[in-house]
Amino acid sequence: MDPLNFTHILTKTVDELSDSASYKGLFHQHRDGEPIPSAKALQSIIELARSIIFPGYFGKSTVNSRTINYHIGVNIEKMFGLLTDQVLAGLCFGRGEECCEPDSADSRECAASITAQFVSRLPELRRLLATDVEAAYNGDPAATSYGEVISCYPAIRAISNYRIAHELLELGVPLISRIITELAHSETGIDIHPGARIGAYFTIDHGTGVVIGATSILGENVKLYQGVTLGAKSFPLDKNGKPIKGIDRHPILEDNVIVYSNATILGRITIGRNAVIGGNIWVTEDVPEGARLVQPKAAK
Amino acid sequence: MDPLNFTHILTKTVDELSDSASYKGLFHQHRDGEPIPSAKALQSIIELARSIIFPGYFGKSTVNSRTINYHIGVNIEKMFGLLTDQVLAGLCFGRGEECCEPDSADSRECAASITAQFVSRLPELRRLLATDVEAAYNGDPAATSYGEVISCYPAIRAISNYRIAHELLELGVPLISRIITELAHSETGIDIHPGARIGAYFTIDHGTGVVIGATSILGENVKLYQGVTLGAKSFPLDKNGKPIKGIDRHPILEDNVIVYSNATILGRITIGRNAVIGGNIWVTEDVPEGARLVQPKAAK
Amino acid sequence: MDPLNFTHILTKTVDELSDSASYKGLFHQHRDGEPIPSAKALQSIIELARSIIFPGYFGKSTVNSRTINYHIGVNIEKMFGLLTDQVLAGLCFGRGEECCEPDSADSRECAASITAQFVSRLPELRRLLATDVEAAYNGDPAATSYGEVISCYPAIRAISNYRIAHELLELGVPLISRIITELAHSETGIDIHPGARIGAYFTIDHGTGVVIGATSILGENVKLYQGVTLGAKSFPLDKNGKPIKGIDRHPILEDNVIVYSNATILGRITIGRNAVIGGNIWVTEDVPEGARLVQPKAAK
Amino acid sequence: MDPLNFTHILTKTVDELSDSASYKGLFHQHRDGEPIPSAKALQSIIELARSIIFPGYFGKSTVNSRTINYHIGVNIEKMFGLLTDQVLAGLCFGRGEECCEPDSADSRECAASITAQFVSRLPELRRLLATDVEAAYNGDPAATSYGEVISCYPAIRAISNYRIAHELLELGVPLISRIITELAHSETGIDIHPGARIGAYFTIDHGTGVVIGATSILGENVKLYQGVTLGAKSFPLDKNGKPIKGIDRHPILEDNVIVYSNATILGRITIGRNAVIGGNIWVTEDVPEGARLVQPKAAK
Amino acid sequence: MDPLNFTHILTKTVDELSDSASYKGLFHQHRDGEPIPSAKALQSIIELARSIIFPGYFGKSTVNSRTINYHIGVNIEKMFGLLTDQVLAGLCFGRGEECCEPDSADSRECAASITAQFVSRLPELRRLLATDVEAAYNGDPAATSYGEVISCYPAIRAISNYRIAHELLELGVPLISRIITELAHSETGIDIHPGARIGAYFTIDHGTGVVIGATSILGENVKLYQGVTLGAKSFPLDKNGKPIKGIDRHPILEDNVIVYSNATILGRITIGRNAVIGGNIWVTEDVPEGARLVQPKAAK
Amino acid sequence: MDPLNFTHILTKTVDELSDSASYKGLFHQHRDGEPIPSAKALQSIIELARSIIFPGYFGKSTVNSRTINYHIGVNIEKMFGLLTDQVLAGLCFGRGEECCEPDSADSRECAASITAQFVSRLPELRRLLATDVEAAYNGDPAATSYGEVISCYPAIRAISNYRIAHELLELGVPLISRIITELAHSETGIDIHPGARIGAYFTIDHGTGVVIGATSILGENVKLYQGVTLGAKSFPLDKNGKPIKGIDRHPILEDNVIVYSNATILGRITIGRNAVIGGNIWVTEDVPEGARLVQPKAAK
């Protein structure tokens, strides 16, 4: 085939792919000036948040106690700028023209106001994450220091992203909160929906394959192992046969529950305080306080 | 130990490691001018493909319907150049000198011809991926829009890479198709072998830990949850005790099958239409149409 | 809200977050001149190690047998510099001032000496990894060449990082060995603690979700599938209710053991030579030589 | 001096430098959302312009005549976005709040409108630059092809930047037009003020040290050598002893004038058609049509 | 020639070039741990200095008066770290082993102390540069604002680098001060030796080709045009025929002197207060206060 | 104007600029697979050459005498690859299809052979450049060491590029040799045509504005100051009024000639051994051996 033929195939394919019938439903047409939800910008925001919350562990800078306010100041200002854009992007995404005017001062003002509220909650986020670090350290005989937990444990990364994303979702910001937890999902294999509600002193060991669904509720001091699913059992369909959105469909885990690796807990059931769920099992009914479930013995 | 001693250790180790006996079997000696299979180049190719198939969701550009053809045109031309090189790299990799002459116009012409065929199938790939997006949206009550599914769902990334890699494998390109699915494996925890054959409206929820083996066959409208394995049970050995390559050894899932989290389905068995496989179970025998399998109750 | 108010919120939050009471326990204060443990530097070190051990497969360079010593020489020198810094960072991290003087020639000399020892073991590491490549190739009917195994298989990446990290831990370097295995965990979903002891011809198929605990011992020719956990069952607490660190608490797998997907093996138990553990099961007691365990049949 | 003392010096200096009395007149306080004039963004704009005007010579892309419109389309869209921002930055820079509302749709609309006008003049700019390329080729016996002139000759870069900047200044955009010519000044040593008016078929040989002042007027087919100054002789002062801005104070060179290296021509004088000014001389009076000026003989 | 022959030529050339006789005098052998003088690090230091001295004009950050101290704080801390390394590099460069122990705490302490002194002089440097900005603005009818002068004028960049480099030379730091002025030389074509002594309100118009020699002394309010040389006429040789280093050999320009383009002033002569030197002339003798020198008329 | 109008203007301009009549003579259409002359690749080649010729001064690596051959080996191999491509690009540029077949093994072989010859001359280039370093050091009282000359002096960069480019031109490689000297021109303001012939011990002080024309011949031990032009006086025209290419038209400077700043020497004249040409003068006639020319005294 001669090069002209290749060019011919390429230009013909370009025409097909540029035909609006072909990209219907798969095309996001941005309006001029509208910020774009950006995984790269959100990753930078997460890195700024990590360096603000755990100073000296993330980011390049060698902070000390006399200069820490410079670093936190610059990082918060950077975060404010980047996040205002992404909040606006989230607000505008997929809405009709009447709801969001990306170029209008009002929309940007609104995004900045949400972002400022988020920033003002960072001290509380740090307090909460400090309890998660403590729980991870106390729960793992292999952990040698808080510093090792903060630097190395994927759970800390996943829970940080979740707590940030949850806060943004509470402030009414869609989409970008989901992208933030998916960034942690890709990095750690831990998939926590930003809608879940999770108490203090939460920890996940190893974590690959953990799934925590959108309407899950976890009390304080809960511990999960790798591969645990807190999922939905089935979902009621509407009259068109589509799943009804927004129904409570994921489990409630009360305080001090432990779930071992690869266990699957499905549906709006309650696992009572202090219960222990053994690994590799499938739970679809309520479990009483203090119970211990294990898999039946394997056949030899 | 003084610095001279360090230098001495280093140079001695360099000599050991440069000894051909030491690197035997672990060394890939490129011939001059031969392109190198490159995960980085293949990642760029995947990103170009994503931005072509889902315009406005991936890539930096802010396309609109009047300028979309410029963007698709430039991206297809870039992809054609990068992919021709990688196809040639795949063709040459590990073959004897008689099969591939990297510098010869014929080999490059052949790679370009394969690449042009691949490009001409992009519109069909887009049509197929549109069905996967629809299936993910319809199957998840937490999904709020097609846009969220395309932007955030790891399954869409993994299935895109798989469908691209499968197409390349069908066109006779080894190795690089495998690298492409491993890129998605690393990003999403979903491991689909490019050899598998998978129908339209395919979806995977959450997805971490999913494995779909090389000779698996999936019908239309199949849904898998995280941690599902479609694997081989055992493999017949040849007379040297090595596994015989290329035998059909993975399951067949017919239309509308659902498999819940962490289930393991092994061997060339058939899961019949509309069957539902519960989580955390181990299936090594055929399952009839419409059957529902669940794990036995856990012991308390 | 006007911009001045936003600035006011930001500066107030900066003050709160810069208050030493707020960051207590979450702040790593570097001393001047002390190198910082850096995931980025360690990733570069791993990439150098891969390009040294498997020449021509990793790294950009197109080596041939006459110029291989230049490449290995430059890469080993780069690795020596980067790793000396990281070893020093690991030695200093979290120790009191009396143990480590980052600016002193002695501390740096000590780090350089450890690094030189590590470098001198690279030929042995290559020999060991060659057995792992061979095991992966022989154990997978889908593998078409050693080259494909080296280029594509996540297990090779995870095992390489583990063997490097284990060597560093043996030389007394904390923290950074852990960061190295977590880098592979993030890339592959395979979490091998650097403290584990693993024999030659080790392979993991697919691998996502595999966890191998700190005190695990694996013989030669062991094969694991995705989702396998070699974990601790429970850990004795000290008088303060904290887990006692450093106790042997993970399984021993003797030579030729195979463990199928999602099986969970917990506690200091022994799985005897040639035993086969089926998928999705939960094992907390010794398994005799040659035994085959499988899950009880699923209920229909 | 101990490290605490260093920190003390640093923080004290930070306080001094953050005192508003200290940075008075040297501080540009951006309003929120206002784009910043950026040499980096302007350099990108210049590179896009070069790749649009001289396709195949600048930019990475390997265009051919069937795909050229894709490339030009994408590059023009990128330029439009970047330049709209920079035009807005130029309009806002240093003006009072009443003149420019960076967040208002009107200001951005105005910047976009100016940018669209600029873009619509690119075909005319290309026509003009084609005459400059022709003049450079014809005027230099060392030039072997138009391609060499376009790729290598600093004059083409400097004149391109000048013609772009002049167009922007004509459209009323301050500051950024000046930054654009200074970028060329740094790259080539040729300093052409964007206010100068220069006819077609203009060329500069070698060019380092050439200065063309803001109110200079050059006819068609003018040729300058390196080190030539077209400057102001002296400038009338206002009653405060400050130079009066905006007066015509630089030379007029009529068609076909040639000026040799290091000649200095000062003041609002006229060098008549076809005149030749020899090197290293100092001219402050009108020169008649067709005259040839040379330096007096050197003393031996 | 076949590829083996090419490899043979390359390896043979490597051997020749690695022969110590071949690189004698052209090779800088670093001692382990010794920082390397780095143009890239020095460029970063200059950019930090510019963003500290002229806040809001250089650097990406959008500072305002309430957050300026965060930015200056972070930038000064970064500069302190980078510059301490470069000062140490400068001190060590080319000295014998007895003078500098790069790994010793003392040498680093000494470099840090010099750097802290430099930092403490930044407020004074800003005061001085403010006078240079004022002089440039007042001296050029084309300048529209201080902001334009700071953003665009190459003289401000060259003079900033010079004043920084001069300060470092005064503090006893060799080599790197010279690299700093050469960075400005490359960027602007203005070559000011860091040894020169230059008063306040100094300005250079256009500037390409200006040379100011190492022992030059300039008073206050001096103005130079492009191409001006303040050089040495000849230099006395020592008994080996080598020029004697360190003798005063460049001109003294008293307050308010103006020198027009391409004038060359050579030797330890004095140009008296208020003198004006016309362009393109060659001056090797003292010029009295208030004199005006011009080139003889050109021959027609 | 509404956004649709902007889009309309942009697409209309794209059409105009994509019209082949518009880009005639300004468009370089690459054939498929043909390497593109690349300033960026050539800059990398120059940096590799500098790090090979002056080990330890350029490049990041911290070489010592025992590991120098690794570094030189890797750098020469990289240079060989990059330069072969650029030589091929130079050979193909602007030639008809019959002269160059970019994809054919023969053309690439030919380029590789030229490149191998170039590489084999690097030891001789190093010997020559060592004489230039010596001349710069001996000729400048401000130079404190060979190291300072190599690190800081723009003349060394410009002369290195020239000597490399001259070698390539001698080997018959057009265009890219010119790009190489223009890279130095932009960096240093020194413009030496690769065709010039220049003896050993050559030095240029400061250098901005120096021009050395294509047919200049310089003996040994020549010294130039900034702003010196060795140019052509006028060029005979052919019958079409175009300058005749390739005629000897630049000066010959015999051994030990010194030319001071801003002097202009034009035409095929000879400046005899040991002659000294004063600054700011214009020389168009032969100058005898040992003569000293100076500018007539300035008028006061």
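General observations
Chains here go by letter, A, B, C, D, E and F, matching the order in which they are written, and residues are numbered from 1 within each.
Just so it is clear, a contact is a pair of C-beta atoms (placed from the backbone, for glycine too) under 8 Å apart; a residue touches a chain by one contact, two chains touch by 3 or more.
In this text, all values refer to a predicted model and were calculated from it rather than measured experimentally.
Of all chains, the one whose CA centroid is most distant from that of chain D is C.
When each chain is reduced to the average of its Cα atoms, F sits farthest from chain A. Work out the mean CA point of chain A and of chain F, and you get 56 Å between them.
Centre-to-centre spacing of chain B and chain D amounts to 51 Å, using the average Cα coordinate of each chain. Rounded to a whole number, the gap between the C-alpha centres of chain C and chain E is 49 angstrom.
In chain E, the positions touching at least two other chains are 3, 6, 10-11, 14, 32, 62, 64, 67, 69-70, 72-73, 77, 112, 189, 208-209, 227, 262, 278, 280-281, 294-296.
Considering their complex, residues 7, 10-11, 14, 32-33, 64, 66-67, 70, 103-105, 108, 112 of chain D touch chain A.
By the touch criterion stated above, chain F contacts chain E in their complex at residues 52-57, 60, 62-65, 68-69, 72-73, 76-77, 80, 109, 112-113, 116, 119-120, 122-123, 126-127, 129-130, 133, 138-148, 150-154, 187-189, 206, 208-209, 225-227, 260-262, 278-281, 294-296, 298-300. Taken in their complex, chain A has these residues touching chain B: 1, 3, 5-6, 9-18, 20, 22-23, 25-30, 32, 34, 36-37, 93-94, 174-175, 178-179, 182, 185-186, 189, 191, 193, 195, 208-209, 211, 213-214, 227, 229, 231-232, 235, 242-247, 249, 262-264, 266, 278, 280-283, 291-296. Partner chain E is touched in their complex by these residues of chain A: 61-62, 67, 69-74, 77-78, 81.
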